[in-house]
Amino acid sequence: MTVKLMQGNEAVGWGAIAAGCKFYAGYPITPSTEIAEMLSRELPKVGGKFIQMEDEIASLAACIGASVGGLKSLTATSGPGFSLMQEHIGYAAMTEIPVVIVDVQRLGPSTGQPTSASQGDVMQTRWGTHGDHPMIVLCPVSVSQSFDLTVKAFNYSEKYRTPVILLLDEVIGHMREKIELPEFESVEHVERIATDVPPEWYKPYGDSLSDVPPMANFGEGYRYHITGLFHDVLGYPTTRLDEIDPWIQRVHRKIERNLNDITLVEEDLSESDKTVVVTYGASARSALHAVKLARQRRTKVGMVTLLTIWPFAEAEISRVARIAKRIIVPEMNLGQLALEVERVAGRNKVVRVNRANGEMVTPQMILEAIEDR
Amino acid sequence: MPTQFEHTEYMYLRSTKKFPNVWCAGCGIGIVMGALIRAIDRIGLEKDDVALVSGIGCTGRMPVYMDFNTIHTTHGRALAFATGLKIAKPKMKVIAIMGDGDAMAIGGNHFIHAARRNIGIAAIVVNNAIYGMTGGQYSPTTPVGAKATTAPYGNIEPPMPICELAKAAGATYVARSTVYHAVELDRFIEQAIRKNGFSLVEAVSYCPTTYGRMNKLGTTVDMMRLLKEDSISMTAAEKLSPEEREKKIVRGVLHDVEKPEYTQLYEQLIQRVQQAQPANPVKT
Amino acid sequence: MSEPSVIEQPKAEIRTSPKKGPRGQVTVFANWCKGCGICVAFCPTGVLALDDDDHPVVVYPEKCTACHWCDTHCPDLAIIVKKIEI
């Protein structure tokens, strides 16, 4: 264990290395560039490969290609680049290829304000790519969590054969905090499930008890077809409903039946908290301070921090909604996760505290909402 | 029938895939597929060592029929996927299969950068001068004056010179042939695959269903004859004036040089870095 | 999944003739053939002809010189030529 003072972006890089990442392809964009710079320096030291591709579209494509070749792959970007990556996020979801995409959010839309923070990509991470697809999106609130959730992102990605988005923002990405780096050998690695049948029997998208088919890498004795078209269990394109429907059900089921594993939530509340703050990312830092101040003033208030923002923590928020009379959702956007909270808890219970101009939602703003002023 | 199935091409087809193939009667893409298989067979590659990466379009439908590691990616991005795969598995032979729209329009940027890097990928671009799959819109290689569904008054855009572009961007092997010259084509594909660097083979073909029909080129047999008549070998082309040469499809190996290949350069980089400083992240 | 089905071809007649060259046995796979007509049109010795359904049939098997034009140019891999040892 080593104690270091580290930037959030750098912690993401170390988390990737600790998780066994051996490939990075990316394009520089503020405020994510430090991740690329760090990995360009560190990956060769561990025998990994780094390449700066010609754009974000090619970056995610190269990551998916490298993943098919057996390497755990990462790319990092921000709003404008994240918008470009949407097609390939859908491709990875359709072909069930593990890959981790980091979006360090900045103020948008469009070029926006590259050095200001925001949480404006929340809905885009869920629905940015076309078509119905599940998505796992993790959101750290500290430098330490940036390391931990990067490892988790890789592990979920391999375990569930799905792209995973790690959602930071300019605050978390650029701030420096103390972090206790563990010994990398002790960090839990999850590898993609290997197949144990002979090549002639292998079905890349076949049925499996866990709904996650074992994944063979290219060039290792198993030859099969991968396509972004709807496909049958062998990977061949199909237009048959009796092949399309089961795929849709299985791919959604593989996430839905594992919500216990995937939904990471930190709760600090009791049965008597009638006011609960539900938050994530950098806003959680302001909320933490606001809750502390409120409690000092004898206001009863609870706090729920969502580390997994998608799939949305329906069960947890339903439970909160049964006790709480008011749920406060501070966000650095005009209300995106709030839509989900409102859907689950009821619109009249939810109080939005929003700021979408690049500045953080302040503890004062949240405190005023808690104390109903 | 054992004797028939000893024939080369069938040994490389996927027995679980439905045949006949999806292309129209007389489409040149099927001819390119045969040429590709013959080339791979002659080199003697193991099927596990070959990866086919394709884009979107009629040409993109080629890999699924063959018993290799095959991946059908997004429109224009085959070379980007291929780059990642080649870096992960540098010993594999990675072959990118694209149409003219896929490689030159949406994929233009990835094309020039893959060539610039000289990454060990063999790119086969089947150039039928049209967007066939979507019904016959003009492409970056459609000749001036030709008709297409989105050029009902005749195309006014000059065509993209695929081979010259590849050469200028840094490709180390560039060749062009036609599906009429199928045997020459498979020889060029063989050389392209053997090349340790970015190699390009442009296979000129025709789309009987869209381009051929809209421009009244006749039957598939007529179009085959046209490919023979409109093309000319490099040596013969030198004797023509520039104006005459422009009207012809010049066949041959247009460029063949040696340059360091990208994945090997990166391996050397890793050696240098690891010798200078062992990986010890926590203690630094 | 479909395997190519074989048309029964008449056996190649080997006739003694002044010209001695390679000979080939042509096989057409009817259910892979789409009738594009390329093989018939370009066979240099006229081995093939189109039937009523525009599919090729071997009419003069003895004329095949195993030049392999047809089987390298068939888009459907629906015709093969096997060199016959004389």
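The first chain written gets the first letter, and so on, giving A, B and C; residue counts start at 1 in each chain.
As a convention for this text, a contact is a pair of C-beta atoms (placed from the backbone, for glycine too) under 8 Å apart; a residue touches a chain by one contact, two chains touch by 3 or more.
Only a predicted model underlies this, so the values are computations on that prediction, with no experimental measurement involved.
Enquirer: If you tally the C-beta contacts, which comes out ahead, B-C or A-B?
Expert: It is A-B, judged by the count of C-beta pairs in contact.
Enquirer: Which chain lies at the heart of the structure, taking centres as C-alpha averages?
Expert: Chain closest to the assembly's C-alpha mean: B.
Enquirer: In whole angstrom, what separates the CA-based centres of chain A and chain C?
Expert: That pair's centroid distance is 59 Å.
Enquirer: Approximately how many whole Å separate the CA-defined centres of chain B and chain C?
Expert: Here the centre of chain C sits 29 Å away from the centre of chain B.
Enquirer: Report the inter-centroid distance (CA atoms only) between chain A and chain B in whole Å.
Expert: Between these chains, centre-to-centre, one finds 37 Å.
Enquirer: Which positions in chain C are in touch with at least two other chains?
Expert: Where chain C is concerned, no single residue meets two or more other chains.
Enquirer: At least two other chains touched by the same residue of chain B: list those residues.
Expert: Correct list: 16-17.
Enquirer: So in the complex, the part of chain A that touches chain B is made up of which residues?
Expert: Listed in rising order, the residues are 2, 14, 17, 23, 25, 42, 44-47, 49, 51, 53-55, 57-59, 61-71, 73, 87-88, 91, 181, 183-184, 218-221, 223-229, 234, 236-237.
Enquirer: Inside the complex, what are the residues of chain B that reach chain C?
Expert: Counting only chain B, the residues touching chain C are 1, 3-4, 7, 9-10, 13, 15-21, 23-31, 33-35, 38, 179-180, 182-183, 186, 208, 219-221, 224.
Enquirer: Where on chain C does chain B make contact in their complex?
Expert: 1-4, 6, 27, 29, 31-38, 41-42, 68, 71-78, 80, 82
Enquirer: Where on chain B is chain A touching in the complex?
Expert: Counting only chain B, the residues touching chain A are 14, 16-17, 47-49, 51, 53, 63-64, 67-74, 77, 80-89, 91-92, 109-110, 113, 266, 269-270, 273-274, 277-279, 281-283.
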